[in-house]
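Paired with subunit B in one complex and with subunit C in the other, subunit A is shared by the two complexes that follow.
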Partner chain A sequence: MRGKNNSTIRYFLVRLIELLITLLLVSFMTFAAFSIIPGDAASVILGPDATPAQVENLRQELGLDKPLYVQYFSWLLGAFTGNLGKSAAFGVSVSELIAQRLPVTLGMSVIALIMVVVISYPTALISARRPGRLADQICSVLGHVLFAIPPFVLSLVMILLTSSLFGLVTVGRYTKPSENFFSFVGCLLLPSFCIALPKIAMTFKFLRSTMIEQNASDHVRTAKSHGLSDLMIEFRHVLPNSNVSAITVISLVLSDILGGSLIVEQVFNLPGLGRLLLTGIARRDFPLLSGMILYLALITVLLYFLADILTAIADPRIRIK
Partner chain B sequence: MRPSRLLEIKNLCLGFPGRKGTYTEVLKHLDISVRPGELLGIIGNSGSGKSMTALAVTGLLPREAIITEGEILFDGEDLLKMKPRSRRALLGNDIGIVFQEPRTALDPLMRVGRNLEEILTVHGVKDKEERRSKIISMLSRVNFDDPEDIYDRFPHQLSGGQRQRILIAGAALLSPKLLICDEVTSALDTVTTVEVLDLLRSLCIEMKITILFISHDLSAVENFCDRVMVMNDGHIIDCDNTYDILHTPRNEFTAQLLENAKLNPHSLNLVTADCDYSASPVMTGRSLSVGYGKKTIISSMDVDIFPREILGLIGCSGCGKTTLAKAICGLLPYQGEINIKGGRPGTVFQDPVSCLNPSHTVLWHMKEALRASGRSKDKASDMELIDKVLVEVGLESRPLNRYPNELSGGQRQRVAIGMCLIAEPELIVADEPFSSLDATSAAEILKLLAKINRERGVAILLISHNLHIIRALCKRVIIMNRGSESETGMTSEILKSPSSIAGKALLEAERKLHGM
Partner chain C sequence: MNRRYIDSRRIFFITGGILLGIVILAFLVSLFWTPYDPNTTNAATRLLPPSAEHLMGTDNFGRDVFSRILSASKYTIFISFSGVAIALVIGTLTGLPAGYFGGISDRVIMLLMNSVMCFPGILLALVAVAVAGPSMFNVVWALGIVFGPTFARVYRSGTLEIKERDYILHARVMGVNPVRIMAAHIFPNLMSQILPATVIGLANMTLFESAMSYLGLGVQPPEASFGKMLSDSQAYMTRAPWLIIFPALMLVFYILGLYFISEGIRVNNSRGGIVR
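Presenting the complex of A and B:
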């Protein structure tokens, strides 16, 4: 038994080390990229009218005159302690900016993820039960359509439908979670739905084909020959086996949503990470941008790590050799 | 009163609707009756409707299938008139079924115990301890020495034979009246086949389970069944006790079926080259170790192949025969030493379908082999050489512009052999070259290999699980077991009185299965 545990622990350790190496590489490449691009934070902060002497002074203040590797290590050290430097455009620390905007993005991600799981699983189960029948055809066609609509069209249509026609929500209004949590959730529902719809279509398509495959598998036939009903087979065999591969797809979907949605946040006028990124790019705010890139990398890598672990937990063939 | 027939299929017609209103009839007025307690075999070519019969009885037919008429009486009750729910209640309880491929038939995410437990849960065994003890005792019933350990294993930790025994344990768990075995031994090697057949027979006798044994393996049927039905084109054409059917067939089709299945290498009078064992070997392997990743498949084996000899390599499946062949051909990394005279050996594999590129012609394959061997000269002499080789391997019709899917299995294997010969190797490695061919083509390829050995003096390493073929073709044989050599020696001695356990097991299995 101890051998099994050891190999499991080693599997997790190896994944963890891979995670750290990836993050280090991303941080190095981000830093290198911004060092190569002409112009630096000092000239951005002071604007086009500053004299060379002023810029030079600020450069010294910000430590931009030091050798690159020194700058890199001090930035890396700061990143580890949560200090990503000061935003050139906003004048506040980058970590604070990200922390301010995170609730919106995080809230939308959680709501969107719930929508993805709650809608795509049951529809995929129904579709896969009798592929080619009416229910499956309706779901599949809807899936294709939703997958093909660009997010901004979808957002506009949703706004038109909900606010103008039915007067259900006021678009453009945003309540902080600290003020009223329920109205915070309320104003995120519609944008989350707009973000979730194409992801639902994608997850549905994937789950449907996985479940059809599972339904036709030998072990499901064995379960049928044991006298299990369709529903029992779906819950005991089809779902757990589909989950093994669905975990990775859903983690991909989630990492995509967590990055913030440029378009949906813009349309609904929400202060999320997508809009922060947009501002950073427009104002050439290098500290903010490198901080954002590090954040996005962290999320992606962490989710992959989580997906790997969940897959290993779900599938004994990975866990126990 | 108990009906004298446990299962009675009367006038069953079944088919599948195709596109544009077409309809393919699979079972045509099928009549089968199974007596309680008997071992009934059903044989027939693939596509004759054997498996559809099994699925019809168990109600596991594909959704598209339509039963147009007939009835299936089980214990006097018509299964086709039952509600789905009561039909399901019969499954696993009164009717069990085991299928061909044991490797994929268990849920890979569940431990063996949980895989089997669901049968008891569904059929109303509520007490958890009772379920466990029932499963443990059934696992020891199907000859597991350590049932508690097996209970906690995952399917991927078990061999194919072990998984098949677990599936049989599952099907027999609630002592059903009828157990349908659909090609249960087809994916197993000879030794394991005999184990499984012995197990089924004992279940039949001790638990009074009636067994419907569907197979195309005539030797398994011969030594296992009391009665045999011959199926062709969706209905039964012949039925009698096993001995009469297989030895004095009255029906023309049955006779043909037996004739096709019969591969008697001794009657082919194969003449092979004389081999001089004092000459220096064409291939020497010293302390060979081969593995995939960290898993060692073969550990420190020594192999010598002498010029002009046909060396047999046998052993049960999973013992490392194919791995050794791949290492010798340079297809796998290995540790140790391999010396081969005359460059890379030629290779012939089991499945000639996947070995040829489906999008290219025979000519392309031959040219490719010629180019790879470095013997290609000018166009005219290349074509001459290709032509000569094709004639040599028996493709006198020179199907240069045909694609692999336009050739028969035997013809494809001839092309593969031709591709070896064009490089003029001193050694050919042939890994189960006959096992995907029907008996007639297998005999032809067998003759061809003997001819090549005789006329070209090429040494051949022949891997086969068919001991008849080994006896007829190989003077010397190696028996492998668990990645190392158990025994090596002259075929005439080793396959008469083997000294190793693996050798004895192989011979014993063959004796039981083929009744020799």
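Presenting the complex of A and C:
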């Protein structure tokens, strides 16, 4: 018993150390990428008309004249305390800009994730119960086709359908979450669905094959021969064992969902991180871009970590190994 | 039972081949002929619906949509193939040695690759292209780098499996140098795993590329690309739905075709079509 506990703790510790190293590497790569490219924040803020002396002054003020490793550590330290410097284009602090836009992107990602879980599980269960039957065939074909449609194309089709068939205006409608939370969620439903649909197809496919495997396994046959009801078998034996692969797949689709929401926001004209990113790109606002990349990568890394921990909880074999 | 699987494999290959064939045909035709010049604007023919003269109608600049679609498929195919080629090279050079040598080099290489994978891919590609300036070649190398780690993983896990086999051990005992073992003994045996990954990679890369050109960071105007055609016509879509429908269909045909073919290969492999 004690040995088992030790190995569990060790597993989590190793994962934690790996997480920290990854975070450090991610931050270093972000910083390095923005240091080697020509042009810096000072010249962007001052514009093309600035004299070299002005640029030099501002560089000193922003700390850009210090050696790179000093800059890196002060940037990293700032990132931990939520201070990523000032955006060159907006003149506001980067963290403030991100905080303003985060609700839309995060909201869409969360809603899309919920949709993935809520829709792919039941459909996979139904499909896997009788593979090859009509319900399974319909789900599988739909899954294959939906998997291949880019989210932004799906969004365009959805906009076309809702506007021409139902006369609904879905583009550019947005309510702040602080004003009315439910109408905020309402605005995000259709875009989230467009991001979620291909990922639902992907998760469905993986879940279905795992469940078919489970259904054919010995312990399910034993349970059946003991006279357990089908429903009992599904919930007590098949589902828990499918969770392991489900968590892996879902953690894989997470960063796609996040990236997808950056694009789909653009189609639906929602004020999320995607538009901020494009503004940053258009105005070559490096502090803003590096800050955004760091935060989004941070979120992804933490989600992967969470998925790993969840997998270990769902499957004890991984911990002991 | 057996019969059904053979059929499903064939269905995947046939539908995939047809869908992909349509796009490849468009690409081949565009090399020699388009009915109109894809980039010449003409105010007299703005937003015409599909007709015998303009098979897929015209856009808001009076350009023939059919010609533009032919020309756009050229870029889609070029970018996805060259991007995947770069990613394959990165994957081979990192994943194979990591899997073969193991130990510290494996840890370091995979940690680096995993850190690249921590960035949402599209974000990385977008920023890389934005910083280097939007152009077709920048899109290609940015996507190549973003997709490299995925292939590195496939190569690594395949190598880990193969290097335990007796003939590799034999080669090592004979004193064959590691580079030769990797190139001549392991690499060819990885094909059954690399092939489906490559086809899926082509599809995923096209998803990214189209999203990037939708945002205006891909192939630059006036050249046509599916993503850009879609974003340009969004404002006219209720008036001229053909502007959305045809590029969207071509894009989906290409991705779905690739996806079906990879699925066919996968089913083929798992049915013992290729010895693993």
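Everything below uses one rule, namely that the second predicted complex is superposed on the first by the 307 of 321 C-alpha atoms of A that agree within 3 Å, B and C clash if a C-alpha of one lies under 4 Å from a C-alpha of the other, contacts with A are read in each partner's own complex, and residues count from 1 in each chain.
As a working rule, a contact is a pair of C-beta atoms (placed from the backbone, for glycine too) under 8 Å apart; a residue touches a chain by one contact, two chains touch by 3 or more.
These figures come from a predicted structure and were not determined experimentally.
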item: Overlay on subunit A: subunit C relative to subunit B, clash or fit; value: fit
item: First, second, both or neither for A:P122, with subunit B first and subunit C second; value: neither
item: First (subunit B), second (subunit C), both or neither touched by A:R130; value: first
item: Which of subunit B and subunit C A:N241 touches, first, second, both or neither; value: first
item: Subunit A residues touched - subunit C or subunit B, whichever exceeds; value: C
item: Touched partner set for A:A314, first subunit B, second subunit C, both or neither; value: first
item: Contacts of A:S217 with subunit B and subunit C, given as first, second, both or neither; value: first
item: Which superposed partner A:V157 touches (first subunit B, second subunit C, both, neither); value: second
item: First, second, both or neither for A:S225, with subunit B first and subunit C second; value: first
item: Gap in Å between nearest CA atoms once subunit C and subunit B share a frame through chain A; value: 5
item: Residues of subunit B touching subunit A in the complex; value: 58, 60, 63, 85, 88-93, 96-97, 99, 101, 104-109, 111, 118-119, 122-123, 154, 156-157, 167, 170-171
item: Complex contacts: residues of subunit A adjacent to subunit C; value: 18, 21-22, 25-26, 29, 33-34, 37, 132, 144-145, 147-153, 156-157, 159-160, 163-164, 255-256, 258-260, 262-263, 266-267, 277-278, 281-282, 284, 289, 292-293, 296-297, 300-301, 304
item: Parts of subunit C lying in touch with subunit A, wherever the complex brings them together; value: 4, 111-112, 114-124, 126-128, 130-132, 203, 207, 210-211, 214-215, 217, 227, 230, 234, 237-238, 241, 244, 248, 251-252, 255-256, 259-260, 263
item: Subunit A residues within the subunit B interface of the complex; value: 130, 217-219, 221-229, 232, 236-237, 240-241, 244, 314-317, 320
